[in-house]
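Both of the next two complexes hold chain A, though its partner changes from chain B to chain C.
Up next is the complex of A and B:
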């Protein structure tokens, strides 16, 4: 894990060092500000940078507008996951979750608001936190990661209220089912588990790899991405990207994508997915591939749709992954430009 | 004016040419015509004979009417330009209105697109579920099959019962038979033993009495 620029290095070497840093950068997470005009991105060096979307999208955007407006070192390890409440940016990495005030960040202050560590079973292990989820009804945050549990933290008091156990291997992704307050989690053990937040119990388990139609044993059984739309769920990763009907736990449509998908989301009447391979794929619910739009990174890890009502002119899709660039799609049909670290 | 022209022409030649080029083509001719008129007027004032004077007078009148004609034309052109401007203003406002109308229509259409997308999504969800349901066999058929199987089961169980009853009966009959045989055997053996014992007694009685 590399830190920021070392001291007392001759100029040529520093430039080489920075270029190497950019070459090996991976952007793991993104989050849109509550006003909709800024995008935060976290990379594997623990830095969080803020891009100004309104400046980059405006008609007199120059090359500098596509560079970050604020950069700060947030974590010691990679920033795996970020999420925004209406005033804070919450980021999580190797074992710790920290929060920052958006207003402070935009004024170039980099002091964290609070930092917490969920109660781990042993104090020796410091498992990474792979996914964060906000539950607005309860005003709480759910963390999940390497210790195979889902921890719930109340945002007002900062106390950890529940620890949901059931996964046998680490958890990759979380999704919230709004109608009944249920959380879906998918992990390395190949199962998607639904948890009821009120009773803190597991209500349903779908073992994706056991279904012949979608399992791909040569890829493994890990579930890399989850998205849900009340009655329906789409998940992918090792097994093929599949659309499930939750009530009956049946796989209804299998999307013919070879490469394992790392991020998936529902958008209007489409399903957007991205993973290994440079393209953002758009699927219809019937299983047809509507479009495949190439991006500038060789592989994508995260997609973010800016649907904040306060900034309708910044309504874009941003994709980031195994490179130092964040691609901006103003229209789902093509890549408009790239923001760069 | 003539003296003025003579002095300025040398220094402001370019100015004059530029001004003349700026004014319409007719204007350049007009300027010259007015100069000629002035010159001919002066000549006419200092001319002698009656006929020449009269013809010069006629020529001057014609140049004057020509000048008035071209002035009338320029006034009409000016009027026309003003009206053209008004017309353009009107068209500009109309176009602005239609742009605003088009914006509204676009917003309407966007809403309709969203609605249509929602409908399409619902249809596709329905289709997906329908496909899954189709895989499973029809409910009526399954019910019929279940009924038929139930009936067969009943029938077979009846048969089994009757066969078992028969078996019981036979078993009981055999039991009775065997027990009677056994009893008969016993009685026969008993009889044999009795007859043996009697014989033995008889022979002992025969050999015994010897006083």
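Up next is the complex of A and C:
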């Protein structure tokens, strides 16, 4: 039985190349605008696109509403991480961090507001920046990535204030513990380290792979994702997805997920995680899998919850990963539609 | 009463008894001294009002008398009779008065009527006169307007303007003193002048006519002279033929070809002219010739009388053969189909010579009833080629020119009108006849100047030289590139089937010196089989896998690891890159669905293909991509992190120099090779 080919337009060289690019696109990062109506997404070709969530979610949404409003080339390498302050979009990729004004982005051809490069030790290869974290109390930005250090940058002056060393292999993810304030970082070396921002010292180390209940040697020991909720922390990656009690450094719940998880977050009384495998998993704190919602990408790398108070109608979960599509979940139970590059 | 009746008579009546009422009555004579009594005249003299009073009085009297008689009679008695008699007489007199009055009234009435009648008659007469006069007035007015509107013919003549007239006309015609003042004279003068001029011009015209006659006669004479020259020139040309051959200037041959070209149908003619022009101007490797039978071409246009004779003959024959079986319906349909698909007896041959002495032979035919052109292709090489099994489709006449322009597969007729013709004879599609007739590619139609626009189907499509000229250069270049890339692939496939990836020396820098993974198998697979593979679904969904593409399967092995690569080769290779989809069997099955690094490997060969193109025509692309796949497999296997729980050494020790083994959230392996330092890094 012949499978129907989706379109009959003859493909020239340009169209074939663009189709191949879209097939091999990976979306690494997402960020919601301060007004809550727009979603920025960054891919492995260094492009950042802006989608209009309000247009795509409105009742008159057409196919064009699911396409980007603006596309621009932000970095030379992949855009691994993005965060939004109340006025700026900060993006990081190959060794540099750049910022863009949200108000200017929507006009095409905008230029970056500033760009910085943290002081790196090695010059042979430019290390990538895998994670960005905003510390609102200090108005600073923490960067972490390929050079195994956490750099703190003051957002007002742009100066790099601290460099926290301790990881022996590159850092994947960061999380902020509001109360203390402390920063947690998880890396390729399999350890989750807690840093106190005032003293700039490492206060606690959890080597996840050394705990037999959660370690999975065949996957490796790398920690791909971190999330923290005051006393609790959930982390996953090579080892199984585990919920830890931070004070006692003990694993309390192990979530039975075989595939390595790349992104995890606390949401209300659930834990949402996504990784290899085409679905978003919802877990109860007790370790039960509440739901597994299929998505359109074969693997997911980034989840984003739009909880901006200014746009309650755009309160959605968006998931992106190994495809050119960003799935939008209006209700955590099913995928509503997909935005696409 | 007798006295009463005598009173009725108009003529004079002698009254016998005079009644008291007599006093009132005047019996006057009229002016006429006639003896008769004219009551008409009397009427004029009496006053109608007094007559009316009299009438009233008389009636009253009568009433009184009657009342008295009644009285007396009712009383009775003899002496009454006299009084009754008296009264009776009185009433008789009154009766007479009444009668007179009545007559007078009648007469008055009649008079009045007569007068009215007369007056009416007069009025009528005046009225009639008035009408007559009005009519005459109208008539006169009409006549006046007619006169005023009268356009004399002289006004239609465009006369020269006044100034010109006065300037040009000789004084005896223009008579300025007279005509200036008097417009009538002026017009007359102008008309005179006009007449003069016209006469002169008529003279001139007659002269020119006679001149023309003379000149025509001279032309005739000269023509005859020239035509007598033609046979003499022909004989000179014949004599010069051996000289031409000696000097390698085949003018005669070209001339003969042009002669034959005159019998070509318009699209083939356009193609012939444009191709010859292009060949002479830009490309010496192109040679054009015409094949086929000129006589048959001439026979296509037989004059009608001959064909009618034939028809009558064939009718006679048919009548004789009615007893024999008629051909069956199927055979009739078959004949109709053959008729519809008939080719013009002449065809144009183009030979394109490429650098390595291989030649592409193209034969263009014209299907007369369908108004489209088709082409058959053949590639001949300088040395005999041994075709490897996987390369059978590369140079086959059926597919070597497929999709020269994207989407131009040549299986359907480009002329939308043909569909109706096909329906009549039961042809489904031209695809079934393509092997025999050649492919009706769109570029072939364009080279013949035929354009079939989709939006406004034209009734008749005629061959257009400018369309052909604008497409000639690009198409020729594409054809050459196509042949060369196919030949290059042909050679490469021969080597690939033996497990050797032929990398040319100028592309060696793209790869490290030591490549351990080996290509063990290279085969073609069918389109349906490609669609059934489980790891090619993305390509199919993206619309990159069509039935005009060629599909291959390569197998690369190292140790226990086996990498399957499904290749889509677009006919437009090498400007359109081949697309690879991978499936690795090593410690489980890994495809782009479950392993990000396999996805990255595919991206390295599919998206980053431009750096693998090699030297200018880019024919090395496929082999470079395969070699890169081998290198990528090496890197993948060697950088796989060691599982501490499993005993024993790693199957593939790391030999490649890498700065970092993993990078980024997806933990990519270092697939990028850096030359000349020779280490691997991440993109």
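Observations, loosely collected:
Here, the second predicted complex is superposed on the first by the 329 of 341 C-alpha atoms of A that agree within 3 Å, B and C clash if a C-alpha of one lies under 4 Å from a C-alpha of the other, contacts with A are read in each partner's own complex, and residues count from 1 in each chain.
Assume a contact is a pair of C-beta atoms (placed from the backbone, for glycine too) under 8 Å apart; a residue touches a chain by one contact, two chains touch by 3 or more.
The structure displayed is predicted, hence computed values, not measured ones.
Looking at the superposition, the partner that touches the larger set of chain A residues, chain B or chain C, turns out to be C.
Shared-chain residue A:268: touches chain B; no touch with chain C. Of the two partner chains placed by superposition, only chain C is touched by A:170; chain B is not. With both structures placed on the common chain, the touch criterion links A:284 to chain B but leaves chain C unconnected.
Applying the stated contact rule after C-alpha superposition, one finds that A:250 touches chain B and leaves chain C untouched.
With both structures placed on the common chain, the touch criterion links A:67 to neither chain B nor chain C.
By the touch criterion stated above, A:162 is placed in contact with neither chain B nor chain C.
In the superposition on chain A, A:211 makes contact with neither chain B nor chain C.
Residue ranges on chain B touching chain A, taken from their complex, read 114, 117-118, 120-121, 124-125, 127-129, 131-132. Across the interface of their complex, chain C is touched by residues 2-3, 5-7, 9-13, 16-17, 19-24, 26, 28, 77-78, 80, 124-125, 128, 130, 146, 170, 172, 188, 217-218, 220, 222, 224, 262, 276-277, 298-299, 301, 322 of chain A. Touching chain A in their complex are the following residues of chain C: 403, 405-408, 528, 531, 538-546, 570, 572, 575-577, 579, 592-594, 596, 599, 602-603, 606-607, 641, 643-646, 659-660, 662-667, 681, 683. Chain contact summary for the complex, chain A toward chain B: residues 231-232, 243, 245, 248, 250, 252-253, 268-269, 284-286.
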